[in-house]
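So that you can tell them apart, the chains are marked A, B and C in the order they are listed, and the count of residues begins at 1 in each.
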Amino acid sequence: MGIVAKNLHKQFGETQVIRGVSLSVERGEMVSLLGPSGGGKSTVLRILAGLERADAGEVWLDGNRVDHLDAASRGVGFVFQHYALFRHMRVVDNVAFGLKVRKVKPDEARRRAEALLARVGLGGLSERWPDELSGGQRQRVALARALAPEPRVLLLDEPFGALDARVRADLREWLRRLHDEVGATTVLVTHDQEEALSVSDRVILVKDGLIEQDGSPSEIVDTPRTEFVARFVGEVNVVEGVVGADGLLAAGGLSMRIPAGSKVGDRLRAVLRSHELHLEMDPRGLGVVRRVVPLDDRARVELSLNGASLVARVPRADAQALVIGGPVTVALHEPARVWAIEG
Amino acid sequence: MRASFGVWICALVALPMLAVLARAADGGLSGAWEAITRPAALHALGLSFGLSLLVVGIDLIFGLATAWALVRWDFPGRRLVSALVDLPFAVPTLVAGILLVVMLGPQSTLGGALAGVGIDVIYAWPGMILALCFVTLPFVVRAVEPVLEELDPAEEEAARTLGAGEALIVRQVLLPPLLPALAVGAGQSFARAIGEFGAMAVLSGNVPRETLVGSVYVLGEVEAGDSVEAAAVSVVLLVVSIIAQLVVSRVNQPWGRE
Amino acid sequence: MTPRHRTKPQGFGLVVTAAAILWVVGLVGVPLGALLLAVGAEPAQVVSELVQQGGLDALGRSIVLAVFAVIVGGVTGTLGGIVLARQRFWGRAVLDVAVDLPLAVSPVIVGLAFVILYGRGGWLEPLATALGVKVLFATPGLFLATAFVCLPFFVREVALVLEEVGTSEEDAARTLGASEWQVFVWVTLPQLRGALRVGTLLTVARALGEFGAVLVLGGAIEGRTQTATTFVHTMMEERHDAGAFGMSLILAAMTVLLVQALPTGARTKH
């Protein structure tokens, strides 16, 4: 087992940031901690690295309990959101730092640093200063620096958070390829669901210091366990309604099956993922198309249905048939996920 | 680490300051009160307060004007003026006193001319005020300048497009963000002025109950061997300047440090 | 933000600008010029008084004090800056205020405080006697006074920079396996280069210019505790104006150079 954390707790002042987080990561696996900012996922990562001490709980790396070890003794690679490059060192010296600390001979350290820089695609830049690089380049240097001592575990704290969307998409594909080559056990913290879903073997959703769901990307997307997860991982419509005498929930002009334990008269909330809505032009339809936005092979359709505003994602071919202002029928591809309204 | 630094600060700062307090209390509270209210002491303290307040007032007016001129306008010698503003910060205050003596002393052309029309500058209040203005010159200017620099001219322009007159713009748009900076500059100036010694020692003439200020009075008492009297007067000056200093650090960090 | 274009002053702006120029040049520039003229009028007299009255010896002593202040301030200030910026503990707020105290205390009172502390019946008099150190009217007193008045500069500069740069570079070094000492030498110290430079300049300027405290504590004894500033004072009292003006010019010139070496904005933070 690569990383095991048991029942971590952490309090900053009066705030309970981590309230019992347990997780395990297989050796060589890549796992994302996904969730809104302030949810405690970065703190979990810093506890794994030894940069913070947990108030309670255990941390195991490769079968050894490491809670009592400081960051320097854990042999964990860490990549910071804002790069944290040593700005008074040249790029190559940044990468060689972990080797210098380990008393690797200077020319050997330099050779290995140059090789790593070439590997992350920054071959010619070793004599530059960090502030002469773009954000994406800096993050690659940070990654090369973390990888130089050949850590068994690599922890990435919002590594692409400060970069623009384009660079981000490129870097994350590149990161996944690098992971497959290097094979380090990797934990990635991010608030970007697309990033988490596209890059990792497994996604752990963290909210308010607790784990909401832990599963493969398809499990997270297809069977969200809570309303929060459903809303967090996709574009959704949220509609409220009452369970009718027919035993179906009527909400937003649609009828849905109800979860076990609900009864007639209950007020429930349904989360409809935008790609689960099916639209068809139909003069008897109750929906009205407001706007059609073309995306790659799909289109995003905004419509109104019985006074509610909904969003649907449909294939471009289907969208071609839609007329703005025209009536449509709205149907559900699959049973909606319905949750009781809290509070 | 924190313990060794704490010990260092205690030995270097806290202990000496406590020693002054303890010595002031040597003659009992009534003794300290008597020491402070002795006419010469009272006059010296009063003079220090009065001059410092006056100088802070002058600093606020001219400091604001200077900062505004430096930020807003382009004029020949702008960089020279900016460099001159910083000098009093580093020039020893004793040297500041000497500078004014050289320029305005009785032997100088200017000083002689002024004396001819009956105005004594050096060894009199006007010279003391000038000297205190010299040593406190940078504070208001440098406190206000960055704030003025950051004021978005668009705000001023927006007010103008909304039909505001110049006076209204100054009062409603420009002044409010400047107030904290003005307070900081004024506090620093006041703390510096109330404790000023070097310039006063060479240029005030040090006549008791006329031009003798608090700090020089303390020196006199030390030299006369009366450390209880000196300590009592010192405590008054200390308390006032520490309050000014605290006000500065409070205003300086409205967002707090924690 | 709309870019700021400086234009030629007009109307009310012209009046204010003219007043500002007159004020600053009149208050600082003209007196400096007057001193230059006064020294330039009788250079031979100035040099001979400087040499014969012990001016060079006093200046040398001031320079030694400045070097001492930089060494002591650099070491304790780096330590103190790290403590204040990085550590949270009971009594930190008190320490924070105490560090700034020397900026607020009149130099004469500093002198008085040490006189009381080490003088007859003072709390530390027995300690000094036991160690065989004479503090008052002797070199140790000058050192104490200088260390006191220069205390805030290094501490403040270091703490400010450390708060600005945060701990992420240090954390990165730790995750790469660096020991705390390696973190300090390879990461923290290089970050502090600018702060230490500014701290040095401010400390030198302050140490050279200190007058009240060294006068009271040292007594301005020629050849033993006379510093550059107390030399000026003694010369004025003895009516050796030329010597006083000459030394004043030297001090003014040195401090002008120090100020010019400071980055803008670092000058009046204190």
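We adopt the following convention: contacts are C-beta pairs under 8 Å (C-beta built on N, C-alpha and C of every residue); 3 or more make two chains touch, one makes a residue touch a chain.
These numbers come from a predicted model, not from an experiment.
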item: Identity of the most central chain, Cα criterion; value: C
item: Taking each chain's C-alpha mean as its centre, the one farthest from subunit B; value: A
item: Separation of subunit A from subunit C, taking each centre as the mean of its C-alpha atoms, in whole Å; value: 53
item: Approximate Å spacing (C-alpha centroids) for the pair subunit A, subunit B; value: 57
item: Centre-of-Cα separation between subunit C and subunit B, whole angstrom; value: 17
item: Multi-chain contact sites of subunit C, meaning residues that touch two or more partners; value: none
item: Subunit A residues within the subunit C interface of the complex; value: 49-51, 70-78, 80, 82, 84-89, 97-98, 101-102, 142, 145-146, 148-149
item: Contact footprint of subunit A on subunit C as seen in their complex; value: 168-169, 171-180, 182, 186-187, 190-191, 193
item: Of subunit B, residues touching subunit C in the complex; value: 1-2, 4-6, 8-9, 12-17, 19-20, 22-23, 62, 65-66, 68-75, 77, 80-81, 83-95, 98-103, 108, 130, 133-134, 137-139, 142-143, 146, 149, 152-154, 157, 166, 188, 191, 194-198, 201-202, 214-216, 218-219, 222, 227, 230-231, 234, 237-238, 241-242, 244-246, 249, 257
item: Touching residues on subunit C, where the partner in the complex is subunit B; value: 1-2, 4, 6-9, 12-13, 16-17, 19-21, 23-25, 27-32, 34-35, 38, 76, 79-80, 82-83, 87, 89, 91, 95-117, 119, 122-124, 144, 147-148, 151, 205, 208-212, 215-216, 229, 232-233, 236, 244-245, 248, 251-252, 255-256, 258-260, 262, 265, 267-268
